[in-house]
Amino acid sequence: MSQFTHLDSRGAAHMVDVGEKVVTHRTATAMSRVTMNPQTLAMIVEGRHHKGDVFAVARVAGIQAAKKCSDLIPLCHPLMLTKISVELTANTAESCVEIHATCKLDGKTGVEMEALTAASIAALTIYDMCKAVDKGMVISHTRLLTKTGGRSGDWQADE
Amino acid sequence: MSQFTHLDSRGAAHMVDVGEKVVTHRTATAMSRVTMNPQTLAMIVEGRHHKGDVFAVARVAGIQAAKKCSDLIPLCHPLMLTKISVELTANTAESCVEIHATCKLDGKTGVEMEALTAASIAALTIYDMCKAVDKGMVISHTRLLTKTGGRSGDWQADE
Amino acid sequence: MSQFTHLDSRGAAHMVDVGEKVVTHRTATAMSRVTMNPQTLAMIVEGRHHKGDVFAVARVAGIQAAKKCSDLIPLCHPLMLTKISVELTANTAESCVEIHATCKLDGKTGVEMEALTAASIAALTIYDMCKAVDKGMVISHTRLLTKTGGRSGDWQADE
Amino acid sequence: MSQFTHLDSRGAAHMVDVGEKVVTHRTATAMSRVTMNPQTLAMIVEGRHHKGDVFAVARVAGIQAAKKCSDLIPLCHPLMLTKISVELTANTAESCVEIHATCKLDGKTGVEMEALTAASIAALTIYDMCKAVDKGMVISHTRLLTKTGGRSGDWQADE
Amino acid sequence: MSQFTHLDSRGAAHMVDVGEKVVTHRTATAMSRVTMNPQTLAMIVEGRHHKGDVFAVARVAGIQAAKKCSDLIPLCHPLMLTKISVELTANTAESCVEIHATCKLDGKTGVEMEALTAASIAALTIYDMCKAVDKGMVISHTRLLTKTGGRSGDWQADE
Amino acid sequence: MSQFTHLDSRGAAHMVDVGEKVVTHRTATAMSRVTMNPQTLAMIVEGRHHKGDVFAVARVAGIQAAKKCSDLIPLCHPLMLTKISVELTANTAESCVEIHATCKLDGKTGVEMEALTAASIAALTIYDMCKAVDKGMVISHTRLLTKTGGRSGDWQADE
C-alpha cells in the first residue's frame, strides 16, 4: 500500500518536497452541501432574487478561503491560483444549498485542497448567515469531484 | 418568521451590532466526520500509536482555525476565545474519523462558528494528509451539537 | 502644541499604552469616494439592480478589512469591533460611488482607523472590479466624518 | 462596451482565469496624498530630520500591504512581487504628504492593485500617526499613474 | 512535579481554559541579541544617525509580530495588547544589537509569548537587513526578563 | 565594503528588485536551541515516546511560520517554498532541544529567512508549551548553517 506522503519515515509531519515535480496545468472541483429547513431555504431564495446578499457573501468567502489554504492546512504548499470560482445553487427538492468550487493552477502541486477549502468555507458562511433562524443545519457531501493534471493524472469521484 | 440578522432591511450584508448585548459565558461544541476506506483508517490508527503525527497535525490545524474564524467567515465578530479543544477519534465500525471541537468565551456573541470552523479545518487536514492514498474520502455530519449562554439560551441538536 | 502620541521622546515608534484608559462606547464613521466615467457607473448601477455583485463584494471587502486594521496599520491596537457596516451609493450627479463605513466598539481606544480602513478597501475593491473598463478612476475624500466616545470626546468634520 | 471581467454572465463575482495569459514583466506606479494642517506637516518634517519614525513606519506599512493585496481585495490573484517601493515626500506648498508606490512582477496578471493598496495603506498610516493632533486630514488623489506589461499594454494617467 | 498545561491527560495538545481566571494587569519584558561582525554593526550605527531605517523597520516588525502571536504559536490565546514597545540598542563592546520588547495587557492570560515573539522577529529582521554583508550573525539570549500579574505572580530572570 | 541591499541611497527601506535574477534551485538550513532545566527536558522526552504532542505542535508551528515569513519580515519577498521540514531533537547532554529547519525553492531569492523563521517559531512554541514549569528557558544559537543556490553561491557556517 502506498505511504502517507506527509509523514517521514519516523512518522513526523513535513511538507512534501515538490521541487522535482514538473509544472502542469491542474484543476480541481469540489462540492459541499448545506441541508436546512425548507423555510430557511425559501428565505434565502427569496432574498437572492429581490434584495439579498447571502449567496454573494458566501461566494466571496469561498474565494478568499481558497487563497488562504496553505495558511489553514498545515502541510499544504503555498501556490498561486490562476482561477477560483464558487457556485451556489438552491436545491429545493432536497432542501439544501449546493456549492461547487473550482480552482486552477499551472504548478507543481495539485489544487484539490484549495477547492475543498473554498467549498467548506462557503458552506460555513451560509450556516453563519442563517443560523439565527435554523441552528440544526448540517454540512455534508464535502468531497472532491474531479481533478486533472499532475503525475497521478486525472481522477473523478464515483457517482 | 424571524429575520436573517446579517442582512439589513435592504438585503445588504452587515456585521450585526452586539454592543448592547450582555457578556455571558458561552460554549459551543460542533462535530464533523471524515469517512474513508478501512485501509486508510487502519494506516492512521497504526500511525497514531507508533509513530505518526496525523491526529496531532489536525488538532493544531483545528485550534488555529478557530482563532481565524472572523477572518474566514465575513460577518463573524472578532473575539477572544478562552478555550479551544479538538478531539479526534477513529471509528472503525463506521470507517471514519470523528472530530469534536469545543470553544468557550466570556463575551457578547456566540462561539458556534468558531467550533464549526475548528471541526471543518481539522477534517480538511485529515483529508490532506491521507489524500495520496484515498481521494474519495467524504466529509459530512458537520454540525453544531450544543451551545450554551447568550440571549437565545442553550440549544442542543436532535439525536 | 500636542505631541505625536505614536513616537516616544526619542522619535521611535511605539504602540501607545492605553491600559489606563477607561472603556467607553465608541463609534466612528468615515467616507471615501471613487470617481469614474459615467459609463462605468452606469454599468455598476445596472448590475446592482439586475444581476451583479459589485457592491456586495466591496461591502464584504470593507467589513473584512476593518477587522484586519491592526494588522495593516502598524501602531493600531487589536480590538474587538461590535459592529461594522459599509454602505455604497451610486452618485450619478458627480459620477462616483460614495462609501460610508461605520464601526462601533466598547473599548479603550477609538475606531477611526477601522472605519477609514473599511472605506478605503471598499473603494479599492470598486476600482479592482471596474479597472478593466476604466483605469483612470480616482479615490478621494477619504476622511473621518464623525467620532464619539473616548477622552477626547465627540468630533465632527467640517462641512 | 467592454464587460466587467470580475462578473460572470449571471453577474456572480469570480476570480478571472489568467491561466492562458503569458508571463510578461509588469510594473505599476500609484500615488496618494494626505492633506493636513501646515503645523501637522511641520511636525512630521521636523521629526523626519531629527528623530522621527513617521515616514519609516508608513513605508513599511505600505510595503507589507502590497504583499497582502490578494487577501484584502477579494478578486485579486495571489502573486509574487519581485519589487516594492514606497516613497513619501513632504509637499509644503500644498500642505500634504505625497506617496508614490511602485510594484514589479514577472507574471500573468498586473500589479496595479498592489501599488494602489501600498499607497492607500501608507496614507492611512500617516493619518494614524498624526490623528492625535489633526483629525481633519483628507486622503485623496489615490490613483494609478502608470502601468507597463500585459496584454492591454502600457497605460499612463492623464495629467 | 507540575504538569505541562498545554497537554491534556492523554498528551493531546489543547488551548488551556482561562475562562475562570481573573482579569489582572499583566506585563512582560523579553530580550534578544543579534551578534555580528563589528563592521556590520558600524554600518547600522552610522545609518541610524544619518540616513537609515534599519532600527525603524525592525521595531515595526517586532510590534506587528506581537499582535500576530496567537497566529504563530498554536496554543496561545488571542488577546488585546494595550501596549507594545520594542527598543533596539547597538552594543559595540559586544558587537551586537540588543533588543528589549515589552507588552502589557489587562486580561486573563500572560503576555510573555507576545514579548518573546516581538523580540525574536525584530532580531530576525535585523538579520534580514544585514545578511547581504554578514551571513554568520547569531541570534541568542532570547529569553524572558520579567513578568508581572496573573495568578503565578511576578517573576524575574536570574542575572 | 558592500552595501545594505534593503536600504536605498537615501537610507529608506525598500524591497530589493529581484526581477532580473535568474531562477535557481535554492536551499537553506538553520538551527536554534532551547536550553531548559533537565527536569523540563525529561518531561518532554517522556511525553514524546508515550503520549505527547510537544514536538508535533512545534514542528507544525515551524512549518506554518516558514510560509508566513514575508508577512513577518517586512522586506522579504513572497515566495512559494517547495519543501519545509523541521526536526527537533532532545539533547540531554546539554539539556536543550535542538531544532533544524530546512527550506527549498526554485526561485529568484534565497530561503535563509524562511529557515531561520521556522526554527525561531518552533523554539518559541517549545518555550510556550513548557513555560508553566520553567520560565527561565533561553533560546540561542539561532543561525544559518548552510545555503545553496543563487548568485552569491553556496555558504556554510563556521564550526
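Lettered A, B, C, D, E and F in written order, each chain numbered from 1.
Note that a residue touches a chain if its C-beta (ideal position, glycine included) is under 8 Å from a C-beta of that chain, and two chains touch if they have at least 3 such contacts.
Going by UniProt, the chains are A, B, C, D, E, F = Cyclic pyranopterin monophosphate synthase.
Quick caveat: nothing in here was measured; it's all calculated off a predicted structure.
The set of chains in contact with subunit B as well as subunit D comprises A, C, E, F. Fitting subunit A to subunit D on Cα positions gives a rotation angle of 120°, stated in steps of 5. Greatest Cα centroid separation from subunit F: this falls to C.
Comparing the residue numbers each copy contributes, subunit A and subunit F share less than half of them at their mutual interface. When you average the Cα atoms of each chain and compare centres, the chain farthest from subunit D turns out to be B.
A straight line joining the Cα centres of subunit B and subunit F is 31 Å long. The distance from the centre of subunit C to the centre of subunit D, each centre being the mean of the chain's C-alpha atoms, comes to 16 Å.
Counting partners per residue, subunit A has 12-13, 53, 56-57, 59-61, 64, 68, 71, 74-75, 79-80 as the residues that reach two or more other chains.
Taken as a contact graph, the chains fit none of the simple arrangements: neither line, ring, star nor complete graph.
Annotation, chain-chain contacts: A-B, A-C, A-D, A-F, B-C, B-E, B-F, C-D, C-E, D-E, D-F, E-F (touch as defined at the top). Those residues of subunit E whose C-beta lies close enough to touch subunit D in the complex are 53, 56-57, 59-61, 64. Within the complex formed with subunit B, the subunit E residues making contact are 8, 12-19, 70-71, 74-75, 77-80, 108.
Within the complex formed with subunit F, the residues of subunit D that make contact are 25, 55-56, 59-60, 63-64, 67-68, 79-87, 104-106.
Against subunit D, in their complex, subunit C makes its touches with residues 1-7, 10-13, 32, 39, 43, 47, 50-54, 56-57, 60-61, 64-65, 68, 71-76, 112-113, 116-117, 120-121, 123-125, 127-133, 135-144, 147, 155, 157-158.
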